[in-house]
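In the two complexes that follow, chain A is the common piece, with chain B as its partner first and chain C second.
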Partner chain A sequence: MKWKEALKSRRRLIIFGTLALCILLIAVLAPRFMPYDPVKAPLKDALQAPGGAHLCGTDTMGRDVFTRVVYGARISISNTMLLLGVVLVLGSFLGVIAGFFGGTVDTVIMRVSDIMIAFPDLILAIAIAGILGPNMINAITAIAVVSWPRYARLARSLVLKIKNRDYIYAAYITGSRNSYLLRQYFLPNILPTVIVTAATDVGTFMLSLASLSFLGFGVQPPTPEWGYMLSEGRTYMQSAPWLMIYPGIAIFIVVSVFNLFGDAVRDLFDPKADVTKNL
Partner chain B sequence: MFKEVSMKKSVAATILAISMVAAISGCSNPAAPAATTAAPAAETNAAAAVETAAAPAAETTAAAAETPSAGKTELNVAVELMATTNEASIDWDSWYVQRYGVAECLVRNGDSGSFEPWLAESWEVADDNLTWTFKLRDDVKFSNGVDMTATKVVESIERLYDITDPEKGGNGLPQGYMTYSSISADDAAGTVTIVTENPTPDMPGVVAYPWMFIMDVEGSKDIDTVAMAPICTGPYVMTSFTEGLSSELVRNEYYYDDVPFEKVNIMRVAESASRTMALQDGSADMAINIAAADQELLESDSNITVDRAAGSRICVTFMNFENKFLADKTLRDAINMAIDGETIASVTTRNAYLYGFAPVPSSYDFGYDELTNPTPYDVDAAVKLLDDAGIVDNDGDGIRELNGENIELNYVVQANRSMDLIGQAISAQLADIGIAAPIQLVEHLNDYLSNKNYDLINASYVTMPTGDPGSFFSHWRTDFIDNYCGYSNSEFDETFDAMKGEFDAAKRREYIIQLQQILLDDSAMHVNGYFTTNIAYTNKIKDVFNNPSDFYWVNKNIKPAE
Partner chain C sequence: MQKKKIISRLLQMLIVLLGISFMAFLLTYLAPGDPITAMYSAAGVTPKPEQLEAARKAMGLDKPFIVQYGTWLINCLHGDFGTSFSNKQNVLSLLMLRFKPTVRLAFFSMLLMLAISIPLGIISAVKQYSWCDNLIRVLNFLGISMPGFWLGLLLQYIFALKLHMLPVASSTLDMKRMILPCVTLAVAMTSKYTRQVRASVLDELSMDYVIGARARGLGKWRILFAHVLPNAMLPLITLLGISFGSLLGGTAVVEMIFSYPGLGEMGVRAVRGRDYPLIQGFVLWVALIYMLINLLVDISYSLCDPRIREKR
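Up next, the complex of A and B:
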C-alpha cells in the first residue's frame, strides 16, 4: 500500500517524530507522577548522591534532581515553543509586509534587520536581558529581538519569488483585496519553508534560553530550568557532579531529538533530497 | 566556455581563500579572560572544565613555568573578590590594597589574636584616655625610596579623614570608629600623637583597620588611585591593575625586611570550582576562600593544605524597617522562627558557617551564653503566631496578607561566601509559611545597602574589625551613616552611646550584652552564623597563615618551600 511505502521511506521522520512526541508528553504529563516537589526545600537532604530514594541525587537545597529535570522539561520546552511562536509570527509578518509592499517599508524593515544581524546574537541578547531585568519573559524577548531577522528575510524572499507571477496579477486585477492576496496566496506559499526552518531551530532556541538562564538572565531560583541547574552545579563540579550531569544529559537528548526531527521534516519537504538518507 | 567558467570559479575560490586567511590571521590572540564561562555546557566534561580553569591561568602558567620551583620567584594567588578601585577612602577597597601586600598600617592584628607592632614600634595612651602616642620604626621607606617620617604618617591619615569627612560629602566610615581633635608629628622623636575626641578604647584596632594604611601622599599625587595603588610601604608594589580581573606586583626594593618573591600575580577567579582546579593543576600557589564542598576534596590531596580560621565574620540578614510589612513585629518574629539556622549552616553551607543567633560570634567572650533567643526555630509556632495575629492567606494564592496586601519581600542576595545558598534556603522556608521572599541576585551590595534598596538583604561583616565589637552595633544606631536598615530604638541608642566611650572592659562587655539582647528581643535582624575563612595553598610555598581578621592575604612571610 502506498502509505506503507511512504512510511518506510520516512523512517527517520517517524522515529524522531515519535521521540519528540514522547518528550512533549513527558513534559506535559509526567510532573503529575513525580513523588517529590521540585520547589520545596527539605534542607536536611542536601547533596545526596544518586541512588536509594533519589534516582539522580539531590541538590544543595535537598530537592530531588530527577523531579527538577522532569519539571524543567516543561519549562524549557514551553518557553522554547513560546519563543518560536513569537519569532515565527513576528519575523514572518515583518518579512511578508516588507516583500509585499516594497518601497520605504521594505527598506526600513530590511535595514533594521541588517543592524540586528550585524550584532553577535547571544551577546546582544545578554545585553538586552541585562537591561530589562532577569526573568524568563525578558529572556524570550531578548532572543526574539535578535532572531526575527532570519525569518523576516526568509519570508520576504519567498514573497518576492511569487509577487510578480501572473496569477497574483490576475487576482489583483480581478479586484482581490490585499488581505485576501496575503491570506490565500502568500501565506500558504511561505508557510512550509518557514515551518521547516522553525523545526530545525528548536534546538538552537532551547540552547539560547538555557545559555541565558545559565548566566543568570533567565529564570530565577527556585524555578527548575536546565540552564540554571547547570549554573548552580558549577561550584560542585568535582564534589557533586550529578548536579550538572543530569540536566546536561536532558538538554543533550532534547536538543538532539528536535534537531534530528527538524532535519527529517526538512527532508520531507525537500524534493531534491537524497532518498537513501531516509533510512 | 568551459575554461572561462572554471577560470571564474578558480578566481573566486582564490579570492575567498585569501580573505579567509586574512580574517583568521587578523584574529588577535584571545586574551585570557577570567573564569566566567558562557558556554551552554551540554554535559559535564572534565576536560572542558579544566580548559576553562587553565585558560585564564595560561599566562601565569607560562610565566611560572620559566622558573623551576627550586628557584621560585613568582607567587600566584587566586582570589574570589577584587575591589573596583585602590582608593582608601572608597568603601572597603582599602582591604584589598593591604591584602595584596602593598600597604601597611601602624598596627597589625597578630596571628594569635593580640595587636602587634607594625609601622609603629609601640604605642601608649595618656591618663586622659584621649592622647595616644605612636612611636614609629625608623627604618621604613616608601616604595619610591622616600623615608617614612612622622609628618608623612600624619599627612596620610589627614588625607583619609579629609576625603571621608561627612560634612564634605564623604562616606564617614572612618569617623564612625574614631574622630580626632588633633593629630601632630614629631619627626625628630619619630612619634605621631593623636588626640581623640572621645575615649576610644579600641584605638590600636582603629589604626590597624585597612583604610588607615600609610601612603606617601606627596609621592602619590600623580597616581590615579582608582586605577593603581598609591605609593606605600609594603613588601610588594603594584605595577598593573585590571579591574575585576588581575593585578601584578613586584618586590619593593626599599622594604625594611626580606621580600621572598620577585613577582606576585593576583588573579580573580570568581568560581570556587575554578580556584580549586587552579590549585590542583598548579596554576595558583594559593587560593582564597575555597567553598566548603571542595575543602574536603583538597584536604585529601597531600600537596595542598587548607588553613581555616573562625574569625569574627558573620552573615546577617538585615530587615528594612522602612518596609511596610517588616515594621510589624509579629511578622519579624515569625520570620525568625521560620528559619532553621542550624541546618542551613551545617548542611546547606556544609559548615562554612557555624550557627549562632547573636551578632557577636559565640567563640568570643561577649556573653553568648548569657543571651536568650526569643525566636528560636519553630515552624509551628511561627505559623500559629501569624494565624493568631490575623495574618492569613485569604485569597488562596499561598501568600499571607497583611493589611490586605500579599506579603512580598524583595530579598537582595550576593553570591559570595555561600550567602546565595543561605538566601535560597531562607526564601524556601519563608515560602513554606506563606511569605513570598524571592531572591534577587546582585553583583555588588554596597549601593543596595546605602540606598536601603531592599526589604531583606544578606550582608557579610567582620564584627570585630578593631578587636572589639562595639562599632559593629552602629548598624542599628539611629541616624548613623551605616545604619542601613532604618532601625531606631532609644534604649538601644542610650546603651550604645554609653558603651562607646567606656574604657573599662567589664563594663563594655555588659553594655554589649545588653545591646545584643535588645536587638534579639526586637527581632531587628536575623543572624545566620559565623563564617570560617580559609586560605588553601600548595606545597610549593610555605608560611601561609590565614589570619582570623581576614585583613591579610599576601605578606612578607610567605616564601617558596625548599
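Up next, the complex of A and C:
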C-alpha cells in the first residue's frame, strides 16, 4: 500500500495542483464558452447592475464584467509566466556565470545586483516601466530588471556550494570542457531549487504585474486585465461598486491558489528549510 | 559591530549609491522622447523650435553623456537635485515636504501591525495545532494573497462611502485621514509577521533552556515573557528594518489610492508626468534611506545580540 501513503503525503500538492490546472483550463478555454466579447463595447448596456443576463454586471462601456474577469485570467497568467521565464533564465544564467567564473565577472554581476536590491519592492519597477512607456512588455521588463538578482544570488550560491567538490575536480582533470561541466553537473544541481523557488513566486509576480497595471504602467485599454479593471472601477466606486469587487475577487482567488500550490511544491522538495529566506 | 566594519559598510554603500546615481541618470537618458519636450509639456506649453534649441543649450543637453552625468552628480553632491519640471520647485525641498507624512504613515502602520501580529503569533505558537492556531494560520494564508490595492479599495468603499465613518480623502493631514491607509498597510504586513513570530517563538520553545527553566520550577508565563520572548523577538529586527525602509520609500499603491501626500504618491506622479529631475531625486533618495535603515538595523542587531558581538 505504498502508493496510498505517497498519495496522502502529496494531498496538498494534488488538491492545489488540480485547482491551478482548473484555472489554467478556464483561462485557455475562455473564448469557447464565454457568451460575450471582452473588448467590443455595446454602449447601450453600460453600467447594468449584476444579475439577469450579466452575472457580474456591465462596465462603463457596456462590456460584461464576468467575461472580462475570466479573460483577465488569460492576460494575467500568460504575462506572469512570461515574466517568470525571463527572470528564471536571466537570473540563473547570470548567477551561474558569476559563481562559475568568479573574479571580475562575479564582482560586476554581484555589484549590479546590489544596486537593484538597494530599492524597496516596486519603486524602481515603477520608474522603469513609467519611463519606458506604459505597456505590458515594458512592465514585464521593469519587474524582470528588479527581480533577477534574487535568482542570480540563489544560483550563484548553489554553484559555489558544489564548485569545490571532488567530482567536479575529477571531471575537470579528465578534460571536460566548461560547457560540458555546466550542462552535465551544474545545471542539474541548481535547476530543482531554482524552479521550486519560481513556483513559490508565481503569486508575488502576479500581484506585482497587477499593481503596475493598477497604477497605469502596465496594460492599456481595452485589454481586460484585473489591476487595470480595478483602477477603472475605482472611479465608479459609488455608483457601480461591482466594477471593483469582481476583478479583486479574481486576483485574490488565483493568487491564493498559486501561492498554496507553490508552497506545496516547496514542501515536497524541501520540507525543512526555505532556501530563499536567507538571501 | 566594529568601527572598522561599519566604515567598510559605509564605503560599500557609497559605491552602490554611485551606481544608483548612474542608473537614475541613465534611465532618463534612455527614455523615449527628449527631456526638453517633456519639460514643456509638463508645464503645459507648446514650444517653438528655437525655444527648444535654446533650452537644450541652457541645460547642457548638447554636451556628451558623461559630461552631463558629471555635472549632474556634482550638483547632487552639493545638495542641488535640480528643479522639478512640473511645478518649478526645488526637488530637494519637494522630497523633504513629502517625507514627513510618509514617516508618519510608516510609523503608525508598523505600530499597528506589531500590535496585531505579535499577540497573534504568540498565541499561535503557544497553542500550536489548536483551533486558534489553525484559524490564525488560515487567515495568514489568505492575508498573503490579498492584493494591497484591492484591500485599500474595499476599506475605502465600506468605511468611507457606505458607513461614512471616515473621509475618502481630505486636505488636512489629521489622524482620521491616516486611519485607512494605516490599516491597509498594516494588514498587508501582518500575515508575514505573524508567521515569523510564530516560527521564532516555536524555535525558542524547543530549546533546552526552556526545559531547564521548567525544571527549576518557573511558571509557564514567566518563562514565556522573561526568557522566550526576548530571544524570539531578535530575528524580527532585520525584518522590521526592511519593512520600515520600504515603507519610507513611500508605498506607491496605497498612497495613490488614498491620495495621501507622501513620497510614493509624488513618485508615481513624477513618473506619469515624465518629470525627470524629480524622478532622479526620488530614486536616489529612496535608495539612500533604504540602505541607511538596513545599516542601522545591522548595527542595532549586533548591539542587541551579544553572541554576534563576541563572534567577531
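Criterion: the second predicted complex is superposed on the first by the 270 of 279 C-alpha atoms of A that agree within 3 Å, B and C clash if a C-alpha of one lies under 4 Å from a C-alpha of the other, contacts with A are read in each partner's own complex, and residues count from 1 in each chain.
Convention: a contact is a pair of C-beta atoms (placed from the backbone, for glycine too) under 8 Å apart; a residue touches a chain by one contact, two chains touch by 3 or more.
Here the structure is a predicted model, which is why all the values come from computation and not from measurement.
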Does the chain A-based superposition show chain B and chain C clashing or fitting? clash
Go through the superposed model and pick first if A:Phe214 touches only chain B, second if only chain C, both, or neither. both
First, second, both or neither for A:Phe252, with chain B first and chain C second: both
First (chain B), second (chain C), both or neither: which does A:Gln238 touch? both
Using the touch definition from the top, say if A:Leu43 reaches chain B (first), chain C (second), both or neither. first
Which partner does A:Leu132 contact after superposing on A: first (chain B), second (chain C), both, neither? second
Which superposed partner A:Leu122 touches (first chain B, second chain C, both, neither): both
Under the stated touch criterion, which partner chain does A:Gly227 make contact with: chain B (first), chain C (second), both, or neither? both
Figure out whether A:Gly203 sits in contact with chain B (first) or chain C (second), or with both, or with neither. second
With chain A superposed, which of the segments 19-27, 127-135 or 163-171 in chain C collides sterically with chain B? 163-171
Residues of chain A contacting chain B in one complex and chain C in the other: 122, 207, 210-211, 214-216, 227, 230, 233-234, 237-238, 241, 244-245, 248, 251-252, 255
Can you name the residues of chain A that touch chain C in the complex? 111-112, 114-115, 118-124, 126-128, 130-133, 203, 207, 210-211, 214-217, 227, 230, 233-234, 237-238, 241, 244-245, 248, 251-252, 255-256, 259-260
Please name which positions on chain A make contact with chain B in the complex. 39-41, 43-44, 46-47, 60-62, 122, 134, 207-208, 210-211, 214-216, 220-222, 227, 230, 233-241, 244-245, 248-249, 251-252, 255
The residues of chain C that touch chain A in their complex are 12, 15-17, 19-20, 23, 27-28, 30-32, 141-142, 144-150, 153-154, 156-157, 161, 245-250, 252-253, 256-257, 264, 267-268, 271-272, 274, 279, 282-283, 286-287, 290-291
In the complex, chain B touches chain A at residues 38-44, 49, 271-273, 276-277, 291, 293-294, 296-297, 340, 343-344, 347-348, 350, 421, 424-425, 427-429, 431-432, 438-441
